[in-house]
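Lettered A, B, C and D in written order, each chain numbered from 1.
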Amino acid sequence: MTSDRHDPEGAIAAAAAVCSNWGRWGEDDVLGTLNFLDEGKRREGAALVRRGASFSLSQRFDMNGPQKGWRRRTNPVHTMLDTGADAALGNQGFPHGLGGADDVITMPLQCSTQWDGLGHIFDHGRAWNGRPAEKVVTSDGDLVTGIEHMAPHVAGRGVLLDVGRVVGEDGELPDGFAITEEHLTATAAAHGVSVGRGDIVLVRTGQLARVRRRGSSHAGGGGGGWGEYAGGPAPGLSFTTAGWLHGTEIAAIATDTWGFEVRPNEFEHAFQPLHQVVIPHIGLLIGEMWDLDALAGDCAADGVYEFWLTAAPLPITGAVGSPVNPIAVK
Amino acid sequence: MTSDRHDPEGAIAAAAAVCSNWGRWGEDDVLGTLNFLDEGKRREGAALVRRGASFSLSQRFDMNGPQKGWRRRTNPVHTMLDTGADAALGNQGFPHGLGGADDVITMPLQCSTQWDGLGHIFDHGRAWNGRPAEKVVTSDGDLVTGIEHMAPHVAGRGVLLDVGRVVGEDGELPDGFAITEEHLTATAAAHGVSVGRGDIVLVRTGQLARVRRRGSSHAGGGGGGWGEYAGGPAPGLSFTTAGWLHGTEIAAIATDTWGFEVRPNEFEHAFQPLHQVVIPHIGLLIGEMWDLDALAGDCAADGVYEFWLTAAPLPITGAVGSPVNPIAVK
Amino acid sequence: MTSDRHDPEGAIAAAAAVCSNWGRWGEDDVLGTLNFLDEGKRREGAALVRRGASFSLSQRFDMNGPQKGWRRRTNPVHTMLDTGADAALGNQGFPHGLGGADDVITMPLQCSTQWDGLGHIFDHGRAWNGRPAEKVVTSDGDLVTGIEHMAPHVAGRGVLLDVGRVVGEDGELPDGFAITEEHLTATAAAHGVSVGRGDIVLVRTGQLARVRRRGSSHAGGGGGGWGEYAGGPAPGLSFTTAGWLHGTEIAAIATDTWGFEVRPNEFEHAFQPLHQVVIPHIGLLIGEMWDLDALAGDCAADGVYEFWLTAAPLPITGAVGSPVNPIAVK
Amino acid sequence: MTSDRHDPEGAIAAAAAVCSNWGRWGEDDVLGTLNFLDEGKRREGAALVRRGASFSLSQRFDMNGPQKGWRRRTNPVHTMLDTGADAALGNQGFPHGLGGADDVITMPLQCSTQWDGLGHIFDHGRAWNGRPAEKVVTSDGDLVTGIEHMAPHVAGRGVLLDVGRVVGEDGELPDGFAITEEHLTATAAAHGVSVGRGDIVLVRTGQLARVRRRGSSHAGGGGGGWGEYAGGPAPGLSFTTAGWLHGTEIAAIATDTWGFEVRPNEFEHAFQPLHQVVIPHIGLLIGEMWDLDALAGDCAADGVYEFWLTAAPLPITGAVGSPVNPIAVK
């Protein structure tokens, strides 16, 4: 799939036509490519648990996160309703020495390690499966494809494609690097893994590792040293991978970057054009800001790039995304 | 373990002395009984995936939840930062037909299906491992045992003890029913499962099923028909199970009730006395408001009460609890 | 102005045609009837300060408020970022004995004593001054008539019309009582006050007093004893007062009820029909859930029903309403 | 009052001893120096309304505010529960063409133009009137001196001391400039106003004007061009003004800076030492981040620096501060 750098709208339309899964699972579908993740795939995935080692692929959720206010995305604010201090001072009114602590969080569902729900992106007013965006996602939330529908499904075979390690230098791709189908297949070949129907694919670019390294060398810097991680230049999937994302029939894909696709993208003037094809037309579940480094280190050490992966979104009714703590077990 | 109905404080102190795990995993421990959940247990758990069927054990997170304001616990409030309506109307300013939706949530971490972190309950000013509560959980959150430390660990062998089905009538225990060690072991025997070191035990009382059934028969009732689910009378673990919870060396336990232990409890005047032993002294991870009904139905059908379970808390820095979408796979 | 009980839509259209102020203050107007409140009116109002006694007309903002979840309106949740407990325990890290407390609030802007902004209500897709609702109030807020524009204006002559005291029994109108123009003018006559251009009119029905009295006699009742105050039956302005609200050229009006107009309203099937005329067509500033009882008691005692009134909305950019603490000074 | 630069703790203790108002208004006092603002003062203030011109002294509340995360203070997040877009599209379900918009805010009470409540600052574990901080402000908020108690009181005579204009260059004092009693009295003399018992004094340093001017010349800069306004160097009151603040018996004081007192302060190592005297010992109501520029321009033009001022905090139960939209009328 090639595309005209000067005609993003045409390229998006062409890719959408080729890759569309509208109607594939019926008019009422709310799962998209999660339909590919079936019980057989789960059996295959569970068989990959050999050592029993588990890895969290989540960044921490707190005020030191990457968000800088773009589209009013803030970092999580965590406050206490009760504390150990009040418990110790006898301020709580419980009998017999009981004390307790409770807490509250306020956060955008897109603030850190997350899944994009099917209602997160639209193309020309159309949501997943061809539905009118304005009837799917209103101020009341996603009335049709809310992320709660995905609650039990996201557990299966995970495959790590450490493109940063295979293609990059020192394990990292530079910002603006467009990962093509060739990079993906070469990486899979280098790892000795296959990618196919129903898999959850994790693409590591190395950007998060770089941001962390640079942040820590700028002690005291404002914004927690995140630089432009949230919304700035980044390595990521090329627009041309739309066909691969569709043809492989994977169930989901996630990266260690803010925005999944390469930034700036490959058109003269466009914004997240791959999203515009992948979410509303393919119905693909996309994960962003996953922390793949510990898992990648382990995979590099033992040469095994497949594993059991559970990444269950919180079933927030009507949500167009969810924070998630994905757990890989090898 | 017996206890004097008139002396909760003495009973709590006695149980704490017998069941204490303080120091068992060193002075710096932040995991408590999750230490029991090791790689061998994960291999054992993964081997339980036979069909590949997955079950979400989470209630939905929304304003129709059970909370009624007790200790300022409210239900989640989910609002949109961008909608499909605005996308369809061209209000968003993106090029080439791109549209998007984002959202935000505000919720107590104890509002629905959850894990209690180790900083959630104190006994006479002492937190888990004997630490002073006032230095562990301040207004800045849990500075020592925040739930982020548990991020990669909660995946292993799950066992369902459907006490409601085995001991109750029509699958349900009445409110105020105290589940004893005898009930637990009889249920395990009836199911043909063992419970032991490192297991994640799920105890179904049937209360949630009852609340749902009654709520749906009171259409239009205020508060979504939850009645007293959040904080009222409920079946639950007897205070006398503290020894069993300690001696079995389970890694975690969860119920389908608001508060894990029986309510009202077995003392003349006490509040959540089993919590007071179990969290700060045993260091046990407790789950509450889990929705075990679909899983229980499946277990009743196939007679298999053990499975692979992943129940990863969101790594919210300093949190004393976390919402969770637990996924059981059989 | 009479209206056909069976034809709310026709009645609304007719009233809108008669009462419309669209274009009266130019195409760019963002103030509506606040344009009537000029410097002369402020001089007149300030001259009413005779004793220097001040009255807050605000209910308290906290979790014990009246909201029950309708349209996702909740009561305010107030949490602490720092406390005196942590200060006293030396947990804060400040030098030389300094300690501090900070706090956070999450609340709907319509949760308690408030102003409705001009972007709060639409008629057939039209906002104040005839603008298209979908271009005025998007997910980014009110882009045109946000309440921040009213920041300096709402200070002037206030007039209390205690219809409850003049027309009702024991100072209270029953729920469902429709206050007509005749009631308003009779009350003004009884009080010996005039109402005219630029005034801020406060209409007391007595409902809040009744709700308080009943709540306190139902100690321990759920929901803080508010009953149906938030959205249930209430006394309030008759739909037929639209002409009076327009013709008197008042700047603003507020009541002690949740919804300003009588509930249920006077049509067979309609929802807040007076709002639909008054906000988008007249451009009138409406206040709700004001606590007028202390002021009304003072007015009854000294017979003076006019005063200086400041009721400044918080200039929240793009807000369609604002909590407010109105201050009357006599 | 002089102070040893090397002994902040001693200087604070000495100033506290000299300036203490503990017990002055009885053991149960919750108002502090607001006790000085009596009815006579209000009559005096109202008489200052000559033209009827009104001025809002509030900054706007939105995500473009000055906060940068210090002590977890964020800028306000405003989201919509309903929009004009959904109304226009018929998504709301109201009859007869009615549409509506609602909104929600989450904000620290200290995020922008505000009053510091009496529970905001402690000295060696003591709150206003000598009360133990840990019993006054717990996780449940300020149980004794919550800002709700001030609801009806803050309306009276306002005096602007435009120290920036009188003492500074081009109307602005440089960062780090300590305003002394001499500067205050010289400014009052230059303006021809007196300052005394019960007044609400507004001190303009010009810093906000400078921050705005610089921000606007750095278009596109991150953080909205606020620089270090929230917590960085600033002009402000000298520690040595504690005696003047006490002796003048003013009711309240506010500045156009983040922190009221000069930053860095005049000690080798201290944090907000003047706060530590003024709030817990004097019981003085302090306002911060007020926007005094429009009012100051008017005062410079007509030479009148006194006016009627209403600055009513929202009565948030248990709050240690409140956002406020102060209204000055001349």
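Structural remarks
Everything that follows uses one rule, which is that a residue touches a chain if its C-beta (ideal position, glycine included) is under 8 Å from a C-beta of that chain, and two chains touch if they have at least 3 such contacts.
These figures come from a predicted structure and were not determined experimentally.
A repeat of the A-B interface exists among C-D, B-C or A-C. It is C-D, with more than half of its contact pairs matching by residue number.
Judged by contacting C-beta pairs, the busier of the interfaces B-D and A-D is A-D.
Chain centres here are Cα means. That of subunit C falls 27 Å from that of subunit D.
Spacing of subunit A relative to subunit D, judged by their CA centroids, is 44 angstrom. Residue positions of subunit B touching 2 or more other chains, listed in rising order: 72, 77, 79-83, 85-86, 88-89, 91, 104, 106, 134-135, 138-140. Within the complex formed with subunit D, the residues of subunit A that make contact are 63, 68-69, 72, 74, 77, 79-83, 85-86, 89, 91, 106, 134-135, 138-140, 222. Subunit D contributes residues 8-9, 12, 38-43, 46-47, 49-56, 58-62, 64, 71-73, 76, 78-85, 87-89, 94-110, 119-125, 127, 132-142, 148, 151-155, 269-273, 275-276, 308, 310, 312-321, 323-327, 329 to its touches with subunit C in the complex.
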